[in-house]
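What follows is chain A paired twice: with chain B in the first complex and chain C in the second.
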Partner chain A sequence: MTKVMQIDEKNVNFLKKVEELSGEKITLCEQCGICTTSCPMVDEMDFTPAGIMRAVQIGDETIIESKAIWVCASCFSCTVRCPRGIDLSKVTEALRQLTLRKNVDHIDLKEVKKEKLPAIAVVSALRKFTG
Partner chain B sequence: MKIKKFPYYPGCTLKQTAKNFEKSAMGTANYLGIELKELPRWNCCGAVFSLTSDDVMHQVAAIRNLIRVQEMNDSGMLDNEYHLVVLCSMCFNVLKRANIFVTKDAETLFKINEFMDEEPDYEGTVEITHFLEILRDFMGFEKIKEKVVQSLYGLKVSAYYGCTLLRPREIGIDDPEAPTIMEELIASLGATPIDNHYKSLCCGSYHTVGKDKDIVARRTYKIIEGARENGADIIITSCPLCAFNLDNRQKLSKKIYPDFQYMPVLYFTQLMALAFGKEEEAGFEGNYIDPYPVLEKRDLIHNLKVR
Partner chain C sequence: MAKIGVYVCHCGGNISDIVDVDEVARFASKLPDVTVVRSISHMCSENGQRTIMDDIEEHNLDRVVVAACSPQFQGSTFEKTLAKAGLNPNMVEMANIREQSAWSHYGKPEDATEKAKILTSMAVERIRKKEPVERISMKIGKNALVIGGGIAGIQASLDLANAGIDVYLVEKEPTIGGHMAQLSRTFPTEDCASCILAPKMADAAEHPNVHLMTYSEILEVSGSIGNFKVRIMKKPRYVDENKCTACRECEKVCPVNVPDEFNLGMTARKAIYLPSSTAVPHAHVIDKDACLGLNPLVCGRCAEVCEADAINYDDTPLYVNLEVDTIIVTTGFDIFNAELKPQYGYGKYRNVITSLQMERIIVEMAEGRPPRPVGKDIAFIQCVGSRDAQVGNLYCSRICCMYATKLASLLKRADPSSEVYVFYTDLRAYGKGFEEYYRTAQEIGVNFIRGRPGELMEDAETKKVIIKVEDTLTRKIIERKFDLVVLSVGMIPSPGTIKIAEMLKLPRSSDGFIKEAHPKFRPVDTPVEGIFVAGTAQGPKDIPDTVAQASAAAARAMTFMNKGEFEMNPIKAVINGEMCNGCGICAEHCPVDAIQVKGVAEINPPLCKGCGACISFCPRDAIDLRIYSDDEIMAEIEAALKDKREDEKRILIFADDMCTYTLADSVGTAKREYPPNTYLIRVPSSSRVTPKMMLKTFEMGADGIFLGECEEAVSPYPNTLDVIDENIKKVRTVLSRAGIAPERVNYSPFVTVMLPKFVNTINKMVEIVNKYGNIPEEKRRKLSAVEVMQ
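For the complex of A and B:
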């Protein structure tokens, strides 16, 4: 049976918001999937990178609740390979920022074990996981 | 020999878990006739480049460091040298991208200069250069070969590039898909470069903090096994976070994959220190997995004064 999805104004606004925040033209994505095959983290994700792009294209806001956008560590593997020239790392950053800018953190500092970590590990984790 | 002076940005981690990186880099640079002059009053660059289009605020920290380079030149500490040398791959990435971000249009540059009104204006003249680029483009690997006093012949070394040295393409120091700069360095020191299919696979980066460390341990396993399958003795890298993940997290990899065998992970400058007969400046005491058994096996540490 064919599934029909109605795309309303709310969906369009979500797409526009992510496009503005990331500076990327998300509708350019043609779902070739090279980002997914290039992603070193895909086996840890609940959505593939191409799946994230499709969700944003159709304005599915629930994608900001996915695990995948937080697993992405901005390694830019997809960025250098996208045949449409889209920087997907900017898209996942924009999706994370939609939560972080509401002052909601993704890391509980109480859970961080006391061990000697490199300063850049701590700084980058806090930059990526706190608002 | 004429000494060439460059401004140098260490970054936080080179003063902390990666002291051995800085120590070995300073020793080898001096030996090659390069003086790395540390920026006065430098500050943390932010470790990761802010990727949202509207975020100028997070570029401030990085750009403040570039103003220090201007000041060093203005005060005569440097002789018209605007190539800022960076060792840490992550700092290199952040400083280089921030530099492009604020200088790409006059409006952004104006905005950031207005915001930092207590500082002199940033003029956009600084060029961010990784130490590996200095070795390739300023020295040349042929010259480095001539400087070797203890050839590393027989040692099989696999380069691990990680992400931030190569990607995105516009800031990378080499081809993001098929880099060779570290292999050329390895060969110039007399050692055998060993290819690894996973040499630029992300190690998991900051997931090493918090509850998702296993993400890192699984990638560490994959990267090290990739090098071992091709016959490598050791791995070299230029990123203090990759080094921590590949070196210290091997313990966790072993827990997940009991068949896993440890492999030493060095900074490329430590390998250079060894080849230049400056073992005492290699700082091997800072490495988690002891590299001595491998070096002994290859008969490379008979000159070692400290152990």
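For the complex of A and C:
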């Protein structure tokens, strides 16, 4: 069964909020999908990058519960290829911020296994997963 | 005493939604000499024009101010209205309250209204100083030059020739026909392209009124409508095109093989070759770079076998000078260089080709000599080099959707067991019969998938190309191997288009193609009188649109040539004989040699372009400019600075008509905001703004002055930037001495597409003025005492 999503002010406000946080004009996205197959992490994502953009365009707030926005490695592959010149990594960062600003930690530092990780990976993971 | 009618236009809400037009009208009614004021919905409509004509009769008006849109947009409309009412067309002035106020300050309605009032008062003060100007007309004959022998050039030449005009059709390649000659079939009718083009090429060559010059390049163009002087170089062909029978015996003996550019390098040709099987003129040509030295001692085999005795190794360039009355530019397009999208592997992967290569493969396949296999699984990737901010091409190339549909259909029909995919973002089937053609392609089984691949991979063993793409309709990522991937490359302006645009000083729009004089009503005119543009030199388009434009350009050129005379630009320098002592400094500085000194200086009107650069150099103030006189501009400046509050800062921007003024209009049209305390004054060239004028402007209350001028490459006037630079230096020296920050005066070159640069530059100027604050009165007074050495 397909559920109907009611579109109202709430959706518009969500789009505006993400646009404000990211500084990107999300309505510019033309849904070509170049970002999706440029993304090295897409195989691990529950939503494609283009799918995330579309969800924000129609103001679907449930996107902030997706796994995909945390899987994003902020590698900018999508950004350098977007034919509309949108910086998608800023958009996923904005979506993460919506959760992070609620002071939710996704990682307990003490429980991180000792692995040989490049310093930059540790820093970016910390930044991404802790508020 | 003058009697002025002021008309404030609402522009159907464009102005009146932002600017309080009634307030502007009330304000205008208090201005000096204003007899009638009206506020009307559409001034440019028949009703609006009728109102002006009735008022002129009823109230004996002798001057009119229209506060509406840009004078570049509707100025000529109101000049005609005045002429109809029996007034001199020079006696109308427009206050540009739409582009320069309502649209560029739409977020600040109150400021916009205040600015509209000042702009209107500037126009009123200026019109008070205006004098009737007699128009100068000149003879125009019936000779036309068409640059570029593609389908646009051929069509325009034939139309002109059939109307009795002498046409010189100049093509840089050894054959006419252009890109159309390379195509397989044309969409949506699937006519064989060269079969419908070849007869037209032959017509052009045989028409008694068409003088065909192939393998020829334009070296130089000077003059103006009715009197263009053109210098052309006919490159040495080394084969006499009249003797050559195209028997091809020479090709058989020629030992040199080089890639054939007609087949985009997929096949080889000889150093002596026939440019294509339908080439016109139908004669061989020697590629001098590939030939073994044009030295019969080295090789000379072709000359040995040529029965017609057509080969001449001693051929030299031939220089031809022409005088023509009009020019049509049909210099066409080039395909986007797919190597600029490295993620698609063109030039690296063997099985990735461009769509134009596919056209040639289909033609050659039909002839039974395919230059390469096409395989069973073929993919098309759309929008390569179009609609792509990453390569700077924001525009849609308009033809790729349909040519990909065509090529896909042809391939699918040729081998129904093949699988053909088209990966697209939006499928644009906008033309006549296009949607039906798309439907047919779907019916025969071409697969259309909505998604643009991020990158292509090559299978190391099979060399097949792997496409991974998101089907954006199902949100599934799909992957498939293809034998051949065709990149649907877009159109870019050809190098010839760029070169000719620079040579003829034609402005180009932000997409790089030649800009038309008006996007709706003068689509084939250029801003340069007597020069027209047609086909893909003006923007991406398909064959029917190209042909329609070519016929339109021919018709436009004929409107001028049939009439037999042309009215000249009335802006000219004038010398005050009583003041002039014949020193000749102006003549030394005139960029077009329009001044001769015979006792006193004299201006040659057909040569004078009206830039006004000479004025700054005259030590005795003996030169003025007709229509943009010192009196008129000073009146405008005074009005722009009138009733300035103490804390208020005002910045005057002098904008050259061709680039900066047009650019400011585009900024307004794009609704890009800039600070409202900036007032534009239109001048033919900012070199006309003398140091004296600038200092006077500061003295009268300006806090900053900015001069905008065309970039050298597109400017109608040579060397004006140097003059401006020199003038600004003089003004800055005086300002420094008076203790005023020299940065308060600045200039910048522009072209018409630099919207962000314009806004940034103006913002920066306002920042500087804000930083230094208002100029104190006593410092301003110091300026009046200074004598400037001009």
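Everything below uses one rule, namely that the second predicted complex is superposed on the first by the 119 of 131 C-alpha atoms of A that agree within 3 Å, B and C clash if a C-alpha of one lies under 4 Å from a C-alpha of the other, contacts with A are read in each partner's own complex, and residues count from 1 in each chain.
Throughout what follows, contacts are C-beta pairs under 8 Å (C-beta built on N, C-alpha and C of every residue); 3 or more make two chains touch, one makes a residue touch a chain.
These numbers were taken from a predicted model, which means no experiment stands behind them.
Chemist: Does the superposition put A:90 against chain B (first), chain C (second), both, or neither?
Modeler: After superposition on chain A, A:90 lies in contact with chain B alone.
Chemist: Give one of first, second, both or neither to describe whether A:124 is in contact with chain B, with chain C, with both, or with none.
Modeler: Only chain B is touched by A:124; chain C is not.
Chemist: Is it chain B or chain C that touches the larger share of residues in chain A?
Modeler: Touching more of chain A: B.
Chemist: Go through the superposed model and pick first if A:82 touches only chain B, second if only chain C, both, or neither.
Modeler: A:82 contacts chain C only, not chain B.
Chemist: Quick check for you: in the superposed arrangement, does A:63 touch first (chain B), second (chain C), both or neither?
Modeler: Once the two structures are laid over each other on A, A:63 reaches no partner at all.
Chemist: Does chain B (first) or chain C (second) touch A:35, or do both, or does neither?
Modeler: It touches chain C, and chain B stays clear.
Chemist: Touching A:116 in the superposition: chain B (first), chain C (second), both, neither?
Modeler: It touches chain B, and chain C stays clear.
Chemist: Examine A:21 and indicate which partner it touches, taking first as chain B and second as chain C; both and neither are also allowed.
Modeler: In the superposition, A:21 contacts chain B only.
Chemist: Once chain A of both complexes is superposed, is A:51 in touch with chain B (first), chain C (second), both, or neither?
Modeler: Only chain C; A:51 stays clear of chain B.
Chemist: Do any residues of chain A touch both chain B and chain C, and if so, which are they?
Modeler: Shared contact residues on chain A: 77, 80.
Chemist: Looking at the complex, which residues from chain A come into contact with chain C?
Modeler: That would be residues 30-39, 42, 47-48, 50-51, 77, 80-85 of chain A.
Chemist: For chain A, which residues count as touching chain B in their complex?
Modeler: Counting only chain A, the residues touching chain B are 20-23, 40-41, 44, 71, 73-77, 79-80, 87, 89-90, 93-94, 97, 107, 111-112, 116-125, 127-129.
Chemist: Report the residues of chain C in contact with chain A in the complex, numbered from low to high.
Modeler: Chain C residues touching chain A: 343, 383, 387-390, 425-426, 450-455, 468-472, 475, 477.
Chemist: Quick one: which bits of chain B touch chain A in the complex? Just the residue numbers, please.
Modeler: 11-13, 16-18, 44, 46-48, 50-54, 58, 88, 90-91, 163, 167-169, 176-177, 200-202, 204-212, 215, 219, 240-241, 244
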